[in-house]
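In the part that follows, the structures are each spelled out as structure tokens.
Consider the two complexes below, in which subunit A is the common component and subunit B and subunit C are the respective partners.
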Partner chain A sequence: MFRRFNAPLRALFAAAAVAVLATAARAQEPQRGGTMVMIVQPEPATLASYMSVAGNVCPVACQVYEGLVSYDWDLKPVPKLATSWEVSPDGLTVTFHLRDGVTFHNGAKFTSADVQYSFMEVLKKVHPRAPVVLGDLSAIDTPDPMTAVFHFNHPAPYLMMALSGYDAPIVSKSAFENTDPAANPTANKPIGTGPFKFGAWERGQYVRLDRNPNYWQAGLPYLDHIVARFIPDASTRSAALETGEVQYAAYSSVNYSDVKRLQANPALDTTSKGYEMTSGLSEIEMNEHRPPFDKREVRQAIAYAIDRKFIIDNVQYGFGKPATGPLSSNFKPSGLYTDEVLRFDVPDRIAIANKLLDEAGLPRKADGMRFAATLEVNSFGQQWMRQAEYLKQALAAVGIDLTLRSEDTGAWLRRVYTNYDYDMSEPFFNNLADPVIGVQRQYVTSQIRKGVDFVNNTFYSNKEVDDLFAAGAQEVDPVKRADIYHRIQKILVTDSPVIWLSEVQYVTVFNRKLHDATTGPLGTYSAFERAWIEH
Partner chain B sequence: MRRWIYAGGRLALAVPVLFSIAVLNFFLIHLAPGDPASVMAGEGGSATPEYMAMLRHKFGLDQSLPLQLWHYVVNVATLDLGYSFRNDEPVLTLILDRLGPTLLLMGTAFVISVGAGILLGLLAGTGRNSWRDGASSILALLASATPSFWLGLMLIVLLSIRLGWLPTSGYETIGSFYEGRAYALDVGRHLIMPALSLALFYLALYTRVMRASVIEQMNMDYVVTARAKGQTELGIIFGHILRNALLPVVTMAGVQAGNLIGGSVIVESVFGWPGIGTLAFAALQGRDLNLLLGIFLVSACVVVAINLMVDLAYVALDPRMDM
Partner chain C sequence: MQDALLRFARNRLALLGAVVLLLVLTMAAAAPVLYPAGAFALAGPPLQPPGGRFLLGTDTLGRDVAAGIVYGARTSLMIGVVATLAAVVLGVLIGAVAGYYRGKPDLALMRITELFQTIPSFILAILLVAILSPSADSEIAAITLVSWPGIARLARGEFASLGGREFVLACVGLGAGDGRIVFRHLLPNCASPLIAVGSLLVANVILFESGLSFLGLGDPNLMSWGLMISAGREVLRSAWWICTFPGLAIVATVLAINLIGDGLNEALNPRLRDR
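And now, the complex of A and B:
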């Protein structure tokens, strides 16, 4: 029986081996020089990545700023400005040994004083995520210029996941000393240690970055310039890729509807790698202060009524995968993710949804509807309106009469996170590198914060979940930590304070002449020092 | 002399007008829900109350509305348009950076549309119901019925992707470091498609106004007189009709010229042209109040100036007109 499968299997392996060899033969020596033009959409308002985590800042700023570490494909930290580090057994001190011979673009030498200043005086004061990520960081000692010792009030295992040039850029003390970090002149002219130096910013057009000839990795970077171009119209962005004016467009800055056509272009290629530490989830939030969303049965019924596969296939053009709960399956390698939760993708889901709504005391009225609600449509692009249109139909099938309301970003955020004047909303959340950083903000009681965007606005409050998140943040043992997050996922999915729709899959479109642009899980949020262009 | 007194009077009158516009804009903008701190934090996807409070304090949003208005009015009176915190740049710098490309694009489109519109209208009007009339009417109809974004995209498909003659978008070739003539040529190549897309839309308007105006003038007594004294048709058209027929076109052009400074969000977006239109749109989306107020004020100034110029142009065209 098994033998019969062997021959085809062997053929398959042979084919795979040939493919690998062919790839190896095609791989060429990197070439020096050239300009890489990439799309950044929309134009960033500032390049101060130490105080703005907006998605369009880092693709530019992360070429200039570096972090203590970077991450490999297994999401393990690898040396960058720190060459090695030791965590004390109690988890309360982390000692970083720094790289010697690194200089900032302003000529200043990189030392432990810059690390101390960056974390204590800049990041801790102005970084939007600082109170969560750096809240327990109490002090940094600098016993010598090449050693920095971090001291914590409580163990902070998540911090090792948030030290890249994206999460914690190291700035030059000499450029920041005696200034207000929130109003530093380098906000639009960044000075870092990275492979590219800031060149020029023509507002409305482009930012130009120039090769750093004194970069600490000898021979790198390969490119002479990187140009970040801003083209407001999505169709023109696609056209610019087709003509070869632009070689790289990440974070789905090209319309999903255009991707198939671009994939057919022999000069272009696509990848979905380089987003493993972003992990975006699309969701529906429900306001528990507005009946009937205070009832768990109603929230579960909505979760059952939605066909996630349909949304992915038709709204997202196949780019995505169904979400099972509050954590993205990108947390599988670290063991934190589990899909052993209440599943809503069962065959008789519509019947279950109807039954739950009946049990919740919401019978169908004469017009076939049980109750009416308004869905606040996400303002960040057309696909959200299409998703909302599907949701209206899907929920009508179980007797929920949905009205769609579309406002611009300012009005939508104000309504949903400040005025709480909403029934349902369809936001988009990034899990980021660790649940402490990107997940718990949405579910713990202490994150019900009026006027703060993208935190707990559903009023979900569960002591058990609060305690588990608190324990997970400080647990240093990976197995125990995974167990804590598995329990959190089970409870949250059963309570369904929000409905998790899909893990969004971003697409990077790039010219085949551009090589080694995606070299790690941070993708566009890391420097292109190894990228090179065939010419 | 009289002309200058008139112009001076009009300018003096413009001061209270601009002042009222500034105050009105201030309140209009504050009627929109949402504030810049909220949008900035929202784009980041995560923020803390401390961070939001810091932003609001920095932007001066924690002050009372009358106090904010007072600061704004005092600043405007001293010609200080304020600071765009979102962009970390003075508002005036941001606007002046965009003013050149805006005026270049809108000015080129304006000249093409007025020039071609007058020519087509003249052709159509002088040959009423002839093939010339039909052809220019159809052209005008098509041009006004075609959305400019679609026309722009089709131009890109044809001239950039298929033929490879022109760059798809942008203002200049980045990293080429052109200078002098080469730079002007480079900008010119980038200018062709956006200017054409914009011009075609306005072209229809001028063609129609010019055609109607020419037809009206053709039936005037002075044309009959000119014909009776034996002037050639061409002499009549260029010596008599043209100048009289231009007046309504100038009126229309004066009104449309106000749009120049506002730019065209759509065409600027399609071609990635760094104009005022997209800047205003981004400012509105980001609730960048200072920048938005600055753009409104600069636009108002230009509209006042253009209206004055149009009035002066009337007198040049028709000396009978009194001030």
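And now, the complex of A and C:
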């Protein structure tokens, strides 16, 4: 083509091409300034992420608080407030070398004393997951201001997966010393080391965060402000994204049914990345104290009777994938996940389910039903009611007559985790970053804790599984550890104390003018220091 | 009574209402024959538009919207009739005692009635269902409890105005007991306004039930128009038929009952006879 043109024209074309390329390159160059508006749904009750793991706290608090480490896309720890660390060969001590020149938003210098105070006096005392995650942490030594040495009673390899600003925020000792951590005034105006400082909280409206000019990463963050807005109505949230009033909405704060429509909007984009350390599983719990759920055949039959793909396609609008067992496939990179377990997604699954129920001594009666049970409907939204309606149909096909009961959240949780007055329930569990943190609570005997939500309420108790989980928590060798968790998955899937339905895929909807908002596996649960807006 | 029926039949709008209601009734009665698999059955592929194999299309799970409409009619009418009857019985009993005895019972009962009337009735119904845990029984109980005060006030007024009439005094003079006077002589004389108001109440109750179901407080095991609308609302922009048909069903049924109620009111109310 070029041959047809004379030389000067050719040169002009070349110059134009270079100019176009240069513009494109400049568009990818981060720009300073601007305000990012994000949706947080619903409004958090507190910003004290050191004592609340509610999903709506961290999107705000994690801009302010940082952890010792962060995680890369392979879920490997990378430096944050700690620049490096060494684990002793016996796994009983971990030495963190801390970052110099970091200051808290109140002006105090960040030192090892803050690390010690955060873990021993705050997190260990008030963090909900501390009994499991920090149970074996016995002491922290501070040989010098930039070194913190963690001592454990037993090796705790999982702790390296729970040190982010989400799992273990580092608070300022100067703001907490001599106070009750549960009643600290910073609960609603957090003071951390993060890229954004707390600005204002207009209840029912928004939280405003302001750029931290003294942030330890020079030149960051790019944004001047982050505003977290609370919009209770789902269609208003979608409309706010469409009008450009809001640039970012994570954790499926946009209805799945709207996501498809918003994806067609040229101004908006979606991603399902940034949830690799959340790993939500939707499940069915069955009360083994209520016959016939004490029979393994019955539980397996139910697992066979359910078409997981149907639920994903029609209830979750395609956002998710079938679950194979107690671990999410997000644990594949770490080698802990296996799908070499009893599989329920076989072609003749309905026939198998019927056979198992026959063998369990539950023949069909005159009305075609074998037994009746009640399913407690998850109260967190419409999606769960649709799933329950599907389950009723699916189980009727194998002769189980399901009655649905839908109560408010308080009544549901009380019935299922305190009164144990239930047959089946359809909860939602996050695997989180490590099986010790998010998985074992549901299956070990010691986690049958009356009145504690989202632990073992099926009364499943298997010495072998208990021992394996205990061994897995302390095993330092990754290959041996993976082997232990593979065995756990095989046993649990065969026993089916719960039925694993799907790995729920959260979706983030964002404006295309917003760049680099999702930069790691923690997504919205990490700071937006690299996010920038084209303007 | 025949007079009243004739007058009702001459009212074209009321007749139209009766025809529509009859259709809904037939539909509800024929539901198990029309759709033996039930309203929740996964009948085909999800989100099929109306026309094709499914007259009114299918919803997000592939359930037949037409089956939902038909079974929803059963739920709406069942709850509508039962809750209305319960509210009328309760309201008449309280109103009768207050209106017939006057004095202290009247004072006490009317203050209680006013207490109920000052609380926003839908909010109270939501609260009651939430406490009792959603089921058809709790819906009926909640709707009854918020619907009786109007009937009670009407009944009290009627009983109070009839209480001093000569035929009542004659009954007392002849030695009739309170029960006999109230049920044999007073009640038939104030039946017409009660029937008219009661029939309008059915429409209200159906709206209440749809509202509760819409908010997820209906019986999850019974198909209901409100539930269908709430389930279809998410996809309103891409699948209009899921919300639209149950919405139309509610409009048609409630309008029909209102027309019938107005017709009955005109037919039974002597003051409106010559309009």
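Throughout what follows, the second predicted complex is superposed on the first by the 508 of 535 C-alpha atoms of A that agree within 3 Å, B and C clash if a C-alpha of one lies under 4 Å from a C-alpha of the other, contacts with A are read in each partner's own complex, and residues count from 1 in each chain.
In this text, contacts are C-beta pairs under 8 Å (C-beta built on N, C-alpha and C of every residue); 3 or more make two chains touch, one makes a residue touch a chain.
This one's a predicted model, so the numbers in the text were calculated from it and none came from an experiment.
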| item | value |
| --- | --- |
| Superposition on subunit A - do subunit B and subunit C clash or fit | fit |
| Which superposed partner A:Asn153 touches (first subunit B, second subunit C, both, neither) | neither |
| First (subunit B), second (subunit C), both or neither touched by A:Asp408 | both |
| First, second, both or neither for A:Val126, with subunit B first and subunit C second | first |
| Contacts of A:Val315 with subunit B and subunit C, given as first, second, both or neither | second |
| Touching partner for A:Arg229 - first (subunit B), second (subunit C), both, neither | first |
| Comparing the two partners subunit B and subunit C, which touches a greater set of residues in subunit A | B |
| Partner chain(s) touched by A:Gln382 [first = subunit B, second = subunit C, both, neither] | second |
| Touched partner set for A:Thr494, first subunit B, second subunit C, both or neither | neither |
| First (subunit B), second (subunit C), both or neither touched by A:Lys392 | second |
| Subunit B versus subunit C as contact partner of A:Arg449, first or second or both or neither | first |
| CA minimum distance (subunit B, subunit C), superposed complexes, angstrom | 6 |
| Contact residues of subunit A, present in both the subunit B and the subunit C interface | 407-408, 411 |
| Footprint of subunit B on subunit A - complex, ascending | 35, 37, 42-43, 45-46, 48, 52-56, 126, 128-132, 182-183, 187-188, 202-206, 208, 225, 227, 229-233, 235-236, 239-240, 242-243, 245, 407-411, 413-415, 417-418, 429-430, 438, 441, 449, 451-455 |
| Residues on subunit C engaged by subunit A in the complex (per definition of touch) | 40-42, 46, 60-62, 130, 133-135, 216, 220-221, 230-231, 234-235, 237-238 |
| Touch list for subunit B against partner subunit A, complex | 32-35, 38-52, 54, 58, 86-89, 94, 97-98, 101, 149, 153, 156-157, 160-161, 164, 167-172, 174-175, 268-275, 278-279, 282, 284-287 |
| Residue ranges of subunit A touching subunit C (in the complex, touch as defined) | 234, 255, 257-258, 260-261, 313-315, 377, 382, 385-386, 388-390, 392-393, 403-408, 411 |
